[in-house]
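Provided herewith is a single structure, encoded as structure tokens, for subsequent inquiry.
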Amino acid sequence: MPSMNMVLIFSFLLFSLGVVGVLIRRNALIILMCAELMLNAANINLIAFARHSGTVAGQAFALLVMGLAAAEVAIGLAIVVALYRRKNTITVDEIHLLKG
Amino acid sequence: MQTYLWLIPLLPLLTSALIGLLGKRAGKPVTAVVAVGSVLASFALSLSAYSLMKAAPGFRLELTYFEWMHVGSLSVPMGLVFDPLSCAMALVVSGIGALIHLYSVGYMWKDEGFARYFAYLNLFVFFMLTLVLGSSLPLLFVGWEGVGLCSYLLIGYYFETDYAPAAGLKAFLTNRIGDLGMVAGMMALFAYFGTLTMGDLLTKAGHLSPEVGFGVLTFATLMMFIGATGKSAQLPLYVWLPDAMAGPTPVSALIHAATMVTAGILLVCRLAPLFQLTPITLTVIAWVGAATALFAATIGLCQRDIKKVLAYSTVSQLGYMFLGLGAAGFAAGFFHVFTHAWFKALLFLGAGSVIHAMHHEQDLFKMGGLRKKLPITFWTMLIGTLAIMGFPGFSGFFSKDEILYLAYLKSPVLWLMGVIGACLTSFYMWRLMALAFWGEPRDHHAYDHAHESPLTMTLPLMVLAVGSALAGWWGVPEAFGGHFNVGQFLAPSLTFGQLHGAHGHHEGPAILLAAISTALALGFGAWGFFSYRNGLAIGEARAAKWPTLHRILENKYYVDEGMERFILAPIRWLGQKLWRVVDVIVIDGLGVNLPGALAGLSGDVIATTQTGRVRNYALAMTLGALALLWIFLK
Amino acid sequence: MPFAQSLLESLGRDLPYLYGPLFLVFAATLMIWPGDLLVGRTNKRAWSYVAFLVLAAGGAMALYAPLGQGFSGMFRVDGLTKGFQFLSVLAGLITIVLSQPQLNALREQTVEYYALILFSTAGMMLLVGATDLVSMYFSLELMALCIYVLVAYLRHQERSVEAGMKYFMLGAFSSGILLYGISLLFAATGGLTTNLAELNEKLALATPNHTLLVFAGVLMVLVGFAFKVAAVPFHMWSPDAYEGAPTPITAFMSMAPKAAALGAFVRVFGTGFHGVSGEWMLPISFLAGASMVLGNVAALRQQSLKRLLAYSSIAHVGYMLLGVMSADAQAGGQAIWLYMLTYLLMQSGAFAILIHLQGKGEGERIDDFRGLARRRPVLAFAMLVCLLSLAGIPPLVGFFSKFYLFKLAIEQGHITLTVLALLTSAVAAFYYLNVVATMYFKEAPEGELKPMGSGLALILTVTCALILVGTLFGPKLLDWTAKITLG
Amino acid sequence: MSSPATPFIPLLILLLLALAVGIGILWVSGWLLPRFLKPSNPQQAKLTPYECGVPLFQGSARQRYGVKFYLVAMLFILFDVEAAFLLPWAVQFKSNLATFWVMIAFVATLLVGYVYVWGKGALEWER
């Protein structure tokens, strides 16, 4: 099933993009977006393979993941906003009060 | 009566809790009465336990109260065992413990933390009795750890000083190393026998023949011995005991001379049938014991602190005990535990009395001429000295002679080491006596204010002196026409149904050996006495003659400095540097500047992992995941 | 209408399994709105009582829930579920009590705080019963999302917000990895199932060219769990989050989510990936070993007690991973449950004292314990008991549970790791004793200590008593463990 | 004429026509007519792009948005994504009460959240 391999490769690329984005970006918002990208990579797998097997469970799962991703983003944004109000920056490298 | 035996260990625990909670409110007299009374009651109960044990079949009384742990195939009962060995030891612990409690009342009377002290001390007695009487290895281990904890608390008792807490920590941590051996040994024994109850273990061991070569049993017993070296201050884990003298003197007498430090010997005796099966372990024990006996004795020669002399003497005497055990003379080893408990407790309490009189002056070089000021202390300590040097008829004579004789049978070299150690012991003890009690007072101010201690302190001294003089007659060796009653008494515990390994007690020139070692010891004692009787001049001249040797001995072979330099400092260094490693390697190295990081690595291997930067954490996670993947693919 | 009927029927059949968590969710929702409208601004602490009662009631409902499986194999109530639900609820209850001194002092009592604890506990209760990767993932997120917010709860304090940000960022990252792993496993089954039991059959049959897929999936799920329980090298969030979070939430984090995540860990790996245990055994053993070593070594140098406890909890997780490695959900679950129960006792005792000494949230350095033995002998003794038990010194319960866990590991043949665990637990004695030494052997600073509130005192008394006498009831405890975790 | 594209041909014609009309109007009104009608009197204000009457925004477009935008965005995402659940439900809905009430419960939960947010004043712009 070459097409399924293509799906896996595509989703893996998307996932890697997310991982690399989290690792190299300094802006908290963009890190957040990249984390969402990772979730979406998983969603692609879920949907494609659900379609492949002809069941809907995977699709429902993906739908739920989208809802969850929204919740996650909302909380993330809230924390980032709180952080911005305290520290006046959302560059994560400038935030290292706690360490050791 | 049998139903009340559990009170033996529990009474001290109960009173410890009471004193800890209410001691301050109740006041010192009440505290003192409760503390001493509870240990006396334990002593009385131990006596009744003794008579019950004598009546029991096979001289063994095993009481199981309930099941403590039941894990898979391992079942550990919560119970006490009374046999000759444990009864004798329980009597020593509670008897000498009661005397030292009484002494402490006088010694600590003016101390602010009177109640705290007795709470700890009674807790110690509880754990020690648990260790002695516990019917299974895990229960013994509870006592083992507990006495370690109490020792830690009591060493650090004077926490206003810098060194006392540090010494306490040192003791506890050194012991933890030994405990690891103990746990490993326990696990090996469990794997081999499927039980950790003393009775079952020894019964099963009784059906085995001695192990040839290095097998599981040898491993297990060796591990147990490592545990014993920690608690009983043998090479190389002895370092904590001299420092432990930072605690109050009665504590040194009770814990670090008479009882706790002999727990290692007790452990080996408890498992004697097992150790019988492992000749390799016995040989190791004998050599470690002999080496410790000799090594510690040499250090004792040049110490100025009266308690340090006694501490090294304790290490050395513990070495003798192990030497005896290693020579398969379990009874002889325990006999020395017994006699040593008397005379070393006496010597420590005597030293405490001197220190008390001299207003907490511990330096021998500042004493002198105290004979007339402290007559009772002087005479009792004299008896203690005669006992430890092995003066014929006093207790140390019989027990030490038995050990040396058995060592000779094992190897003449061991005997020689033991004899040299005995000579040195005699020398430094007489040096101590001469410096403290003879000659001119070297610190007139302290001398003028010196006074004999109160009755609560001198009474225990006198009782202990009588014991030190006479305790040896319990086990007059056969060579001197006795029957070595100790051996016969302990036989049920030590052989546990095994055929008693034929002792072959009439071989060799027993009397001749005893004569040689005694004569040498007397000679060295006289040398030590006359060198220092008139002050420090001769000693100083000798030190000037061999400056290097003197410096080495005075500095205890630089062991502490060496430990600090070669073991502790590297560990600390590693701990600090480890911090930086991941940062430099992982973050800067791979991410930013590999060459720069490599250069930094050589100088400063490690920086902090915990940089506080969230991206570094994510990177570490990613690399961790990749590492896991790599582990799999490999 | 057959569909509607079957829906209603299955709901009626399955809902009782979820009464506990559902009750928490609905009660918490009602507390926020409209409940909060009824309570005046100055009386918000009333919510602590309500939340306590609600949580206790929810816990009781879960405890008395019928045994069985429902929601198309998504959720299962068995002994393991109830056991870990009990731990989570207990931790939640303790946290509510522990929260009072600081929230009152800082005037930060709000209904949201308690509602978030309830939501998060509901997530944990669902998590430990989840028998499907889907339900597992969502309950995990419900639990985690609430805790992110709780960590950043003191939004006027820089370090609280920073801790929340770090925990959230890394949490989102790990959750992405976890979900991707789940999707890979889903793909490996050909898009058929995420149910643990079916997964176990399917994965074992996976064709060779699927091995990488299976392994990558398992590995990523492993990473997700390792993050949640803070195992090295996925631990880095925990010291910072522990230090920055409000102290009661630190206590909460070190107990409840850890217990729930470990319970799920055991279930997922013990039942779902049981067939491929050969593949994950080695990685977990590395995680376990690394956690023991790094956790204990790093704790040696800490000045802040909160950080020290964070690192030590990493080490404790290392020990508990030995239980996960038993690859047997039942035996491993029992050992971990017992360990976690005792750990919970010791942690809550230690945190009760820490919170009492902290007052408004300052003063968590080990130095602040100087001379506590002089100023408050009873408190110092209680701390001593907790710390020694954490160090695993007999005869305290900490020793007992450790012994049980290590014995299991030895029986399973993990000798090397057990030896490492023994060695590192000796190291642990160093830093616990350092605190003891500070309390007992250092001069006390000036100033009076205020008396302890009755809530904290109650928790402290009960935990210390249990720690002290726990081993006496060793067999009882084990019977109990078996009874609870076997159902 | 049986190509599958047949039904789309009228659409294509319509598209082309629309394009032609659009381009035509622009050409006529923007280029052809002004050549004859407008007075040529260029000014600064006249040459700037028209922005609904507010003064022209001259700064960099890369600067940060105010925090309030994020707040609204956050809430928007939360309530918006729930539509993803409503849609499949609506498509599958076959007028039975059971599924209806399930969805009502879902929406009611959302509603509580909405009321909570409203009550907290998170929807006020100026605060």
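First chain written, first letter: the chains are A, B, C and D, and each begins at residue 1.
One rule holds for everything that comes next: a residue touches a chain if its C-beta (ideal position, glycine included) is under 8 Å from a C-beta of that chain, and two chains touch if they have at least 3 such contacts.
In this text the structure is predicted, and so the values were computed from the model without any measurement.
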Pair sharing more residue contacts (C-beta pairs) when C-D is set against A-C: A-C
Centre-to-centre distance between chain D and chain B (centres being mean Cα positions), rounded to whole Å: 85
Centre distance in Å when chain B and chain C are each reduced to the mean of their C-alpha atoms: 42
Distance between chain centroids, defined by C-alpha means - chain A, chain C (Å): 25
Interface hub residues of chain A, defined as touching at least two other chains: 19, 22, 31, 71, 78, 80, 85, 92, 95, 97-100
Shared-contact residues (touching 2 or more other chains) in chain B: 610, 612, 614, 618
Per-residue overlap in chain D, given as positions that touch at least 2 other chains: none
Interchain pairs in contact, sorted by label: A-B, A-C, A-D, B-C, C-D
Contact set on chain C toward chain B in their complex: 165-166, 169-170, 173-174, 177, 215-216, 219-220, 222-223, 227, 232-234, 236-237, 239-240, 279, 282-283, 286-287, 297-298, 300-301, 377, 381, 388, 393-395, 400, 403-404, 407, 410-411, 419, 422-423, 426, 429-430, 433-434, 437, 440-443, 471-472, 474-475, 478
Touching residues on chain A, where the partner in the complex is chain B: 19, 22-24, 26, 31, 92-93, 95-100
Complex contact set, residues of chain A against chain C: 4, 8, 11, 15, 18-19, 22, 28, 31-32, 35, 37-39, 41-43, 45-46, 48-53, 55, 57-58, 61, 64-65, 68, 71-72, 75-76, 78-80, 82-83, 85-87, 92, 95, 97-100
Complex contact set, residues of chain A against chain D: 63, 66-67, 69-71, 73-74, 77-78, 80-81, 84-85
Chain A partner contacts - residues on chain B that touch it in the complex: 608, 610-615, 618-619, 622
